[in-house]
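Down below are the structures I want you to see.
Presented sequentially are two complexes of chain A, the first with chain B as partner and the second with chain C.
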Partner chain A sequence: MKSLTNINPIDTGRRDFIKHAGTLGTAGVLFSTFPWLQSCKEEEKMKVDKQKVKLAIIGTGSRGQYHMNNLLKMDHVEVVALCDNYAPNLSIASAIFPHARTFDDYHKLLECKDIQAVLIAAPLFAHAPLTIDALAAGKHVFCEKSMALTLDDCLAMYRAYKNSGKVLYIGQQRLFDTKYLKAMEMIHKGVLGDVCGVRSYWFRNNDWKRPVTSPDLEKQINWRLYKDLSGGLMTELATHQLQVGNWAMQMIPDKIMGTGSIVHWKDEREVYDNVSLIYSYANGVTMNYESLISNKFNGLEEQILGTKGTVELEKGRYYFDEAEPAPGIMQLINQIEHKVLDDVAFAGPSWVPETANVNKGFLIDENASTTSGSSSVGAVGDGSFELLEAFCTSAITGENAPNLVEEAYYSSVLALLGLQAIEEQRVITFPDAYKIPYLNFM
Partner chain B sequence: MKDILFTVKRQQVELFYLLVSFLVVCLVNVYAIIQFSTPWSELWTQMVRVLILTALVYGATVIIRFVIYITQHYILKNIQAKKR
Partner chain C sequence: MYTHFYSSSNLYHASVPHLMGTRFDVLLFGASEVFLADVWKDIYETVERLESIFNRFDATSTVSLLNARAIHSPVHVDPLMWNVLLSAQHYNHLTAGLFDITLGFADSVILDPAVHTVAFKSKDVSLDFGGYAKGFALQTILDTLAAHSITSAFLNFGDSSITALGEHPLASTWNVGVSNPYNKEQLLVNLPLINQSLSVSGNMPSHPVHICNPLDRTFIDSRKMSYVVAANPLDVEVLSTVAMVATASQFETIALNFELDKYKIYNEL
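So, the complex of A and B:
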């Protein structure tokens, strides 16, 4: 596993940035720019030497199992308990961690004094009660994104975290993905000019609906399809990408508008299968968001558009609008060639098509992994491992990851406000009641 | 078939032409760097292009010298034929 602290200084001049794109800034700059990486510091890792956090996992479905496989590779964690009210998933989890106690009621799990931390990979509607109860029980909490199903629950989670003094991590793994860190450093240093637009999209062609053995299980298994349990595309997919947009902008948008509908998957689902939204920032820049699950041609992407170039974060590539000038000797040869050949009369005036050249751009990180975005569970090398490892370190030291919850809070709230804009068919202004002190909302 | 004799003198002459070609192309590269304000590192980063151009320039000298040789040879042959 590549360490986030394996770093070298860079020069952000254009030529030198390209040459050194495989490295990150100096450690001091890195941790002040991305303060949530504190737990990745070597000295923090030294502090937890040979210590293990006793962790319980609540929610043992597909995402929970993805985390379990990552936990198996970590040194500073011992999974001591598992909890799920769906027995088949609990038995699969139990096979992965055979020594862990099993529960079907999380209240009983939270009563166990030996459990120091919980990982919540339950459905969205359960995030707020589980997190608030776990923090109240004195446990450190890792909760999957999105934070909660309602604005009030998001705020209640944030306040519970602030009042508890415990560690809270929300599963925004892109904050720990090396290629995102490098790209954001590049964006914030102005290598691509001023950010003048953000375009994000997530296209899939698959159905969220899973077969159920009994109608009683429909909502338990297919909770993503029902409005009282899920925000659909907005809370399942958009939250990740809205967070990336805010991260690049270093700002929270204050106006939201959008539309959504069910175009293809008319299977009695209640959540939209396509959405299109505009988030407007105070400086006039907009973040355009689009998602649908009946065509996968475009895949997923977050494009940060600068006045000098563009970053495509999922592909891990950046592109300059103006091509790098050719070497002097080639320019000289071209000049001579033009002087000789331009006077040669051809049949009629020459015509140069204006079709844009294909710009292959540059890789942000040669070793970074990319994903098609088609998996509903998670991808290898997307920052999830580093995020969870950082949480285990924080749970031992008791030191929080600064700004991590704030980043997650605003992406969750913006996803919900997007839903509200779609439902109410109007432009929503970010409500003061849900502003927490962070970035431009200080 | 007869053996082609590549004398030491001939080798020295050809090496001289090759060296001159290389120096000329290097000077052209320096001129291009100044003219187009490109980095001085192109003195070595563009070495492959300089070597390719050196080969082309040297090839051009070979052709020119061959043409001169053929022309001189033809003219001399004509003059000798007229004397006879």
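So, the complex of A and C:
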């Protein structure tokens, strides 16, 4: 697993550096540009040398198990407790961490003094009470996104975090994904011009349901489909992508409109199976968001549209509108920008414009992973590992990840405001009551 | 056209997808964005003007007009074209006829120094500056950069005609790797450039046979690639093509007429 401290734009091997055209970042640049990465710094890791945070996991379903498998590969963590009110999942988790104590009541878990931090991978409706109680119990908290099911709960979580002095991480893993970091650096430097639009979408073709052994378990297992437990597509998928749009814009939108319905999956579900929204920023730029789960042709993507070019973050590619600079030139520029010196291999017999009409674009990071977005659990190499590893470091040092909670807060709130706009069939102006000091809402 | 100024490096990047028959990228250093943008404007206008002279696929270019009219009667050319024709003739002599803008009909081109006219004695004559124009453009751009007191720049026509002016911002040399056109992942050689130009000629999978020996008008398929490094961008442009058609001993002799820093001919790749 690649660590963020090892992000290096240039592999020293000849074979690799030829492939490395278009690489953008060095670790130093990333750290200074993105403050939430500070726990990934080598000096921060030195601080936690040979220390392990005693971590409890609350919520041992599929996402919790995904994290557990990542935790197995980390040095600075010891999983000491597991909690779930669904025994089959708890049993699976116990098999992964056989020495961890098990709980079916998180209150009892929080009473354990030896537990320093908790990882919350429970359903959305439980995020706020779990997080607030854990912070109050003096635990550092990693909570999956979205933050909460209601605007009030999001704000309550944020305030609890600010008042606690404890570490809080929210699972917005794209903030730790190298291809996103490199692309954002490029976007913010204006390499693709001024950002003039954002288009994001997530398409799947499945019913989003999991099998249940008894009707009594339907809502417990398929909580994503019920409005009192989940915001559906908006809280489970859109939050990731709304955060990316804001990150690119370095701004929070102030107007939201949208529509949604159940078009195809006409079962007992309550949440929409398709949504379409427009988020407007104060400078006139709009972020268009679309998601449906009855057609997967388009997959998922966040497109940042600039006046000179476009980035497709999920594919990890960028494209220039009018001209495609030579890949070797982009590599040369990246090296100069990042004060890295290495050979650039691109010379050869003359380039001919035989494929000039096909804009294949450039890879942001040759080594980056991409995903189809079809998994409801998580993907490899999407920043989740680095995010959780950074949390473990933070939980030992007690140092927060600046701006991470704010990024997550606004993506969660915007997802909920999107739902509100759909429900109320009106344009929502971002309510002052839910503004926290960040970016243009300072 | 794409341009961007990287303020943290004082680096101005300009890229044009189609100029002189290929992609053109320029990196300029050492001045403000406004200043470098002006320099780029001068460069672009210069190269556009040269393209309007040399592009034989443009029916209105100087070369096209010459090719169409010089068979009928002597055509007067301006001082720039006249000097280009003399220069091409000079290279033809220095390369034992292996560089030839007429592809074997050099004797059929009549230059009248008294009135600066060109006439073709044969209808088979057709001037082609394909192995010359990018080198000439780079040479001209170096003059433009000198006029603006730019001392650090990197110029790249289609990855095959490259000029590195001055020092790399982080080091003394610009290290340019030449990759195998038949296996892009294979680095053939790394060339440290400083106030030097590199020209690479050769066949490639998409164009396996496209370089012609002007003396016998046969296409070269027995040789894969060549590169030449020297201070003069026009010399390297001309000689990298000559290296594809000359025998090894011929080229060694020809090379003595020039101040070449490095060259290599690849028969196999």
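Just so we're on the same page, the second predicted complex is superposed on the first by the 382 of 442 C-alpha atoms of A that agree within 3 Å, B and C clash if a C-alpha of one lies under 4 Å from a C-alpha of the other, contacts with A are read in each partner's own complex, and residues count from 1 in each chain.
Here is the rule we go by: contacts are C-beta pairs under 8 Å (C-beta built on N, C-alpha and C of every residue); 3 or more make two chains touch, one makes a residue touch a chain.
The structure displayed is predicted, hence computed values, not measured ones.
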Which superposed partner A:342 touches (first chain B, second chain C, both, neither): second
Contacts of A:189 with chain B and chain C, given as first, second, both or neither: second
First (chain B), second (chain C), both or neither touched by A:72: neither
Partner chain(s) touched by A:136 [first = chain B, second = chain C, both, neither]: neither
Partner, of chain C and chain B, that touches more residues belonging to chain A: C
Partner chain(s) touched by A:331 [first = chain B, second = chain C, both, neither]: first
Touching partner for A:320 - first (chain B), second (chain C), both, neither: second
Contacts on chain A seen with chain B and repeated with chain C across the two complexes: 15, 325, 328-329, 332
Residues of chain B defined as touching chain A within the complex: 28-29, 31-39, 42, 45-46, 49-50, 53
List of chain A residues in touch with chain C within their complex: 14-15, 18-19, 189-191, 308-309, 320-326, 328-329, 332-333, 335-337, 339-354, 356
Chain B contact footprint on chain A (complex, rising order): 15, 325, 327-332
Complex contact set, residues of chain C against chain A: 1-2, 4, 6, 8-9, 11, 13, 15-18, 21-23, 25, 27, 154, 156-162, 168-171, 175-181, 184-187, 190-191, 198, 200-204, 206-207, 225, 227
